[in-house]
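Heads up, the next two complexes both have subunit A, just with different partners, subunit B and then subunit C.
On to the complex of A and B.
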């Protein structure tokens, strides 16, 4: 994996062939991963894809069936969680509800036998930055969700962990506040410079928070890369379909070569793919190719040019509209600016610009080419 | 809140703490119901009356009996002579009463402590998944379902001079080591307490086990990631969260155990002499063996007051915790 954050960054955490089975069910399938110091890494995937299990193995709450985990070069695969010094923020925050906020924050420090004076100093400092000073004496049960989240985070940070793991911490927060807290988290991570792994099934969260994103599916790593990489160069059909909202249009097409010219053909329309001919031939597409085009890249064109399409549904979002278009029997989504004033039932003409399109092998699902021409 | 009132079906809608009438039909009653306090009292009254009828007469009879001097052989209890507090005076000068009280307290203290420790230990042991767990749990709960009399009889047989316990002792330590369990008060009490522990540890187990099951595992895991070892997790996280339930279980068990009767009655009949007599047996002896029902009533009242005070003290931290 290429280190996008620069060569000076050190590897903090390494997963080597980490594998986890529960009674024969493979939850995590031989994952290799390097996490760099100071980075914000997001695990993104549908529920049940193994991202939380991976996180729990890093924390030591689950033991891998196979493979090794290294933290700062030291093997920690079987080290109990108590000795790892890895912070964990749970989805439901797991605050000690019988304790005050202060006692919650002091928990890890008291176990480390710091002097009460030192504990107090550190708590005051952290409480200040997390805006918890006013609720320090409150019982944890009586807090609102956003304060609970901050307490959970502050409690994990106070032990000065090498690494902070967050398991969908914004899941229970209402939209609106969620975005604010997301921004808060990002700012805080930058200020503290701590390394974080953040598990989420919300791609928007992963895209906005992560320096890098790891896309998981069915226990496997599908792709690791920066948000832009993952958006622009999805390595396979799963990532292509999972990232982006509305999802990428995936159209099965035929590959044809006539007189040294390479084409993809769909319903009588043909696009020249000469520029990527070599890549396509190398992938030997037996069952053809899949053309991927993001809804935001589908363009309206003047009447008579491009492909005629029936507007099935218009979903206005204000600044932009999501159109569901029907071309013969195929549905295609397109995002157009609200100013376009498209009406349902109308026939419009659209264009699929190949330089924004992706080609995937229909056999393996792997990406063949990004941006053609 | 919406309620239908009476056969007229006048719909009342509660709004900002007051009842507003949607459809008017019965003027005055509806007006009365408009007052929230009246409405609340009316809701509570039937149950309160029922409870009062169930509770007040027996209390009244016991208090009446304690203030007169009545024995069944004297004739009708309504004509018994009034003696004021003399039953109570006699009670406080009776050493057997204090001995029975002290003995009962000791039984409760030892028995309930062991039940708590064993029950909690078992619950912690069972607070994970393993094969055959369901079967084990039902086996553990079995003693609790046995009638007192059966348990008493089992332990009576176990501790007989030629019973299994002595057989084991003599085969391990030699024939000289056997104990004649029921011939001294201390060994007899040990047998009684063991029987009670055996029968009621399952109860403490059940309560602790279900309370533990309700503690989210994330709490323990969070404590782990913060560096707490198993003992610290139990001491600072798990136990405090289940404390209210455990405290209630302890109070229930202590109150139950204070009334201990059947076990002792079957195993020793309070003997040798009166040396294993509990409070209940003392009351039974006074009331039924000696026929001094008035005196027994006085004892019952004193015991009731004492227990209520103790229970009150026991419940107090619980109330403080919750409110």
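On to the complex of A and C.
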């Protein structure tokens, strides 16, 4: 689980057992987390999973019920937000609507009592890089969405924060522009080298932006790791089902041992899992296992080989098609190249390569093995 | 339904031109409403220029037959009686004193009320000061008839020697309109998105700085509306002014009640005073009308 950035990075922010309850409702459940200097960390999870609350606690806008937060080694759990020097970009940008863009940008710097000359120099510099020079004298209310977002970002960066927090900043942007702004954000983060925590419920955003992703669900951290780790080695059924589109096929299977050979069995089909027998035995396989296979890993095979399946639906996406297959009473999704020319209602033969499959315990939901054989 | 349908502009729909009858009825309705509500004001103006003989004349006339300024003159120079009005008039004080009193008491009380109400509303909405019940607790000052407070207040005021003093009335006015100020400004403060204030906090702004540089400018329209509202309440207050003043600190509404003689009401001077007394309110409204537009369209800030 060690981050790909390597251990030589300094820990900038540390959460130790951070817990938050609202009137008995547990919003954030004892989170431990280290954020490294210069990294781009994404909080990913469904709405209401506690990711925004965690972000607000880091900023100081909420106080944890329990646990401690450290920034640069200093305990800041109860430090007022004014003193933390953390930048925050809100979902709705939260610009000061009654002020000009210039005054919006100057706000934090004036509080820091910089000379007007210095403030002006810094604003010009940032305005240049965010293409805001032309709108500096405009009232914030009259900006378009993309400019508002850039003003919010520029304002947060101008105070030279130790850490920049972003709460779904691309949510209100129309698709198309969204991808462009996403790329902008990534480039900017690289150029500035600042540490960012980015909250989103959009896995594509998290996968493309994050150096690491923290997957949250119901107030708990499910997994922290690089996008690839999370995609290739989901630690449990939740992460497996949440990451990837279309979602991973999860098939309940039985475990059988015959003559020292270990098998998983489903509808009369059997796969050897000898290579991971040890792990499987440890997970109490008698309580059931779940075989996970991503749609993009399901393969078409020549007639007569593998498993016959009825093609229920074909969803063409141009270069590839998403197939909904029916094997007896079970539905399975598969992604195949559009050139395969599969027709609805046809019977095709598919293969489930165990090399790309995952095994989970049906009992605990935890991953048992990734890539079998 | 039919009307709604004909108004919508769609690809398959044609906007039907309105018939002449529609326009006639529409304007008739508008003019009738206008006439109904402006009549008292017009009548007040009319009477204020009428000589005594015309006050009660039947049939009444809207335009005075012999217009005169006597009613206005008598307000300021009661010692110069003219005609029958003057002969019967028992008021010996010019209205100047009551105007001076009102001009001191009402703005000061309004200012205190709005400032305290705004700060209290901010504390209540943003910091939950006093708990959820606090705003309702403040509202209890308006739950009883004003007369219920009169006797206890009278006892205290006599003891504190505040009867017939401007300070006495200022305290009462500020206190009783505080609930209005708090509740009205509370609505406007709630209209300011919390995130905007939080953004300022994270930029390093202290709570006072947030209040003065972020919240206050965003609710200034609402504050203008509240100020005008509270000003009118205080300017027209009669009961407490009557009870707690006698000679030195009487306000305009009390003065207005003095134009009642042994024989009858002095409609002319009363109307004239009514006209003069409404000038400050109109002037204030005119001065702050720029802010009133945003103030009365509650929730313009929601973004």
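Going forward, the second predicted complex is superposed on the first by the 370 of 373 C-alpha atoms of A that agree within 3 Å, B and C clash if a C-alpha of one lies under 4 Å from a C-alpha of the other, contacts with A are read in each partner's own complex, and residues count from 1 in each chain.
The definition used in the following text is that a residue touches a chain if its C-beta (ideal position, glycine included) is under 8 Å from a C-beta of that chain, and two chains touch if they have at least 3 such contacts.
Model, not experiment: these values are computed from the prediction.
Subunit B and subunit C, once both complexes are superposed via subunit A, clash.
Of the two partner chains, both subunit B and subunit C are touched by A:155. Of the two partner chains, neither subunit B nor subunit C is touched by A:78.
In the three-chain superposition model, subunit A touches both subunit B and subunit C at residues 59-61, 81-88, 90-92, 94-98, 107-108, 111-112, 155-156, 159.
Residues of subunit B that touch subunit A in their complex: 216, 218-219, 221-229, 232, 236-237, 240-241, 243.
Across the complex, subunit B is touched by residues 59-61, 80-88, 90-92, 94-99, 107-108, 111-112, 155-156, 159 of subunit A. Chain contact summary for the complex, subunit A toward subunit C: residues 59-61, 81-88, 90-92, 94-98, 107-108, 111-112, 141, 152, 155-156, 159. On subunit C, the positions that touch subunit A within their shared complex are 193, 195-196, 198-206, 209, 213-214, 217-218, 301, 303.
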